[in-house]
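Both complexes below contain subunit A, partnered by subunit B and then by subunit C.
Moving on to the complex of A and B:
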């Protein structure tokens, strides 16, 4: 009986892992397809689709755009989130609960609505759509997250240390920059890296708010119009590799460290 | 109450720190949202938006079949995806939490959600590869002689549901696992001491205790699934559109912002209703 249930459990888990990995394995495998259709049979292995992807100026520009938008918008979201968290945790503001829920409100609204709203207002102002407008949208999406993560880690136990710094003559900005920020570094980094992964992968807002310069998901989206194409497999595999590498760095740099200190 | 000069200075500082985030959210979220709510009550003439107050867009949503059907299709697909994903993910989470040795659990979990980190657009495209007529699944089934003709697995509802279930099985495995390992082993020991067998312990003790967690995961699935445009657009074909697709269609050549805004607000109301239902259920559970 015990053996039977163990065997069934193993079978079930095996099938689900197969289901979970099937698309990724097929994607990567057929990025090496020696032929123009990324479906079986596998004719042979070639690297020419990777060559095609890396020599594609538009695609590489989109990859660069994505990185810039992700890093800049996440940095802004973290900075604004940190300052606001500091204000709400260390001072008493009127209607504090209401203001805090205003800052986290965008988290509860679908990105389609955030993108549509911004697009209609931008149309009104006549501002041109560009990577800047995409970045603005990504800050709107990521600010609630950054604020929530950093605010949650601002405990009372840091107040005494800040007070000590002030008694020793530190100015406000010195306290914030040299005392509070280093103490909160693990959660600030966690917020930053999470924002980067969201922005890196975000499609709808980037699609609605960009025109000529686009981010990678939008460029891949326009590649899909040509149907099944081994070049899409190749760039998809590259994106997967970057994400996994990033995940490993995040795991080692941030979560290991927080694990140790707590 | 008269504030001292010091208190006033402190308060000014607090506002200075909080203001950038508040202004950003105000300008780029609250104002656009309010504007969208307003134009959902306006009309369009040609490509111009005209500020005449009317409920026409909402009336059209209920009267025009191609608009209303978007919501119906969305609800049907989302309900199917939520139920299938929970049913598939729970056993996997349970196996990882109960059957996999402690020191391998983290690895098993990371592997179960690794494809989560592929780009969302690329993941849907990958499923298109797998499910297309000449794709891996059809070719394998044909080679094994199980089917004589390729199955229609993509460009229809089946494709959309498979693509969604893949994503949400990973998400739910994570949340349900987190729930299962938080359970104190004492509950199970107590049930066993009272003579319950493994099944009875699971059915009467473990499952009810993890139900609130499942509910939260299911709600998350509902919200993310019903608001998604990418998966149905890539895998669903053109025969039946979900609400986000209908919304995006308004923006295309017609540039009908008022209608798109009205449909978006309908979508938001549906999500809010689901939230209220979920919150009430959780509250009832607790009391």
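Moving on to the complex of A and C:
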């Protein structure tokens, strides 16, 4: 009986993982399809679609744009999130709980609404759509996440350490830069890399707020309009691989740090 | 460096709570002062006011003759050693100790040199590249001390720094603290609720209770000649024997206690000899019930019967019943007190201290 339940549990878990990872496996597998259609049957394996993708100037430009937008917007979101978290954690502010939930609230709003709202605001201000506006959009959607992660890691035990720094002559900015931020580095890095992976494959805001220079998801979307093609699988696999790489870097950075500090 | 500290009429009110009530105290340069009292007595508030973390509601603080009442912690010639050490977890010991010097703009090489010398002072130079989490509690404590001293403060404030250590390590650190204080000559103001710790390290002890200073003096004078009932009780075990003034002569006064009339020298009355008829309290340390030699004036409280006894290593702690009053007596370890035997309650006349009821400083 116990063996049976164990077997059933294993089967269930197996099916669950299959359900989650099958689309990715299929995508990656058919990026090597020797033929023009990325659908079964698998005719053979080739790297020519990757060759085509990496020699495609527009795709590579979009990939570069995506990286720049992801890194810059995440850095800004982390900086703003850190400053906000510091203020809420270290000072008594009026209506603190309400203001805190207002900062986190955009997480529950769909990116479509945020994108459309930003589009109208940008129209009003007369700011031209560009990678900058895409970056602004990504800061808006990632700031709540960065704030929540960093705020959660700011505890009372760090207050005395900051006090000690002040007592030894540090100014406020020195306390933040030399003591608080390094102490919170694991969570700041976690927020940064998570934000990068979100920004990296974000489509709706990037689509609504860009015009001539576009990010990779938008470029892939315009490729898809001309029909299915193993090239889309190849670039999709690249996107997936880079996301995984960011996550691995995050795990290494964060767990190496937290594993060490007592 | 070192400096004197002068606290004038410091009062701190938190809402309806008077944490500090009109406290005045002068501390000499280079002195090791211990603020002693139970939790909530105001000792930590007073330390925070000295460090600049709390501003007094009224009153002034001067360090080295300069008014510091409204100066921020960073600009004061004080540093604080925190109870939880508050070391910077991401910095090695060298950088922890050198942090204050870095904030003062000292060049890297010079700073490291000085940090090494202070790590040397606390015996941790060999560990200078380690991070705080690699150290034991006692070692962290030493680093915190080195870090606070590295900036040459005039006054070092220590907020129950030994509270988290086990007893053996605490005794060892007390000796080290005292030795280091002697070496650097900085004024130390140390907060604790442990009277043994206070006696082990202090030049002078300040006993505090309910936001006020109860008693100030050397460990011996506070223990032997307490100036308040609270001070007498907090510094160690004591028998309080209520009494009433009867008559006074030139150098003597007679008091009536439950154990009979006793003649006491005028010097036993810490705050002057009260008029006849006033209520007073006799304070008698338990270890003073030991057969006094015939050459010194003694006082007899009659005889008592031992009702309980326990061996404490350095002494036997006995309960003695006499005329309905129960006293505690510490008898020499070589004695063999047995329950039921009678004890002569005789003690040196100058070992008794008489306080007026409700007397403060």
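Throughout what follows, the second predicted complex is superposed on the first by the 257 of 262 C-alpha atoms of A that agree within 3 Å, B and C clash if a C-alpha of one lies under 4 Å from a C-alpha of the other, contacts with A are read in each partner's own complex, and residues count from 1 in each chain.
One rule holds in what follows: contacts are C-beta pairs under 8 Å (C-beta built on N, C-alpha and C of every residue); 3 or more make two chains touch, one makes a residue touch a chain.
As the structure is a computational prediction, the values presented were derived from the model and not from experiment.
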TODO: Consider subunit A as the common anchor and indicate whether subunit B and subunit C clash or fit when overlaid.
DONE: fit
Task: Per-residue contact with subunit A, leading partner among subunit C and subunit B - done: B
Open item on the list: Looking at A:106, would you say it contacts subunit B, subunit C, both, or neither? Reply first, second, both or neither.
Closed with: first
- [ ] With the two complexes superposed on chain A, say which partner A:60 touches: subunit B (first), subunit C (second), both, or neither.
- [x] neither
Open item on the list: Quick check on the superposed pair: does A:37 touch subunit B, subunit C, both, or neither? Answer first, second, both or neither.
Closed with: first
Open item on the list: Is A:179 touching anything from subunit B or subunit C once the two structures are fitted on A? First, second, both or neither.
Closed with: second
Task: Geometry of the superposed three-chain model: angle at subunit A (Cα centres of subunit B and subunit C, steps of 10 degrees) - done: 100
- [ ] Compute the least Cα distance separating subunit B from subunit C in the superposition and give it as a whole number of Å.
- [x] 9
TODO: Going by the contact rule at the top, pick out the subunit A residues touching subunit B in the complex.
DONE: 6, 9, 12-13, 16-17, 19-24, 26-27, 30, 37-41, 79-81, 83-84, 86-88, 90-93, 99, 102-103, 105-106, 109-114, 116-118, 120-121, 123-124, 136-137, 139-140, 143, 147, 172, 197, 200-201, 203-204, 208, 216-217, 220-221, 224, 228, 232-233, 235-236, 239-240, 243-244, 247
Open item on the list: Which stretch or stretches of subunit C touch subunit A in the complex?
Closed with: 51, 53, 72-74, 78-80, 82, 84, 86-91, 99-100, 103-104, 131, 133, 147-148, 151
TODO: State the interface residues of subunit B toward subunit A in the complex, per the touch definition above.
DONE: 10-11, 13-18, 20-22, 24-26, 28-33, 35-36, 39, 88, 91-92, 95-96, 99, 111-112, 114-115, 117-123, 125-130, 132, 134-136, 139, 166, 169-170, 223, 227, 229-230, 234, 244, 247-248, 251, 257, 260-261, 264, 267-268, 271
Task: Of all residues in subunit A, those that touch subunit C in their complex - done: 157, 160-161, 163-171, 174, 178-179, 182-183, 185, 260-262
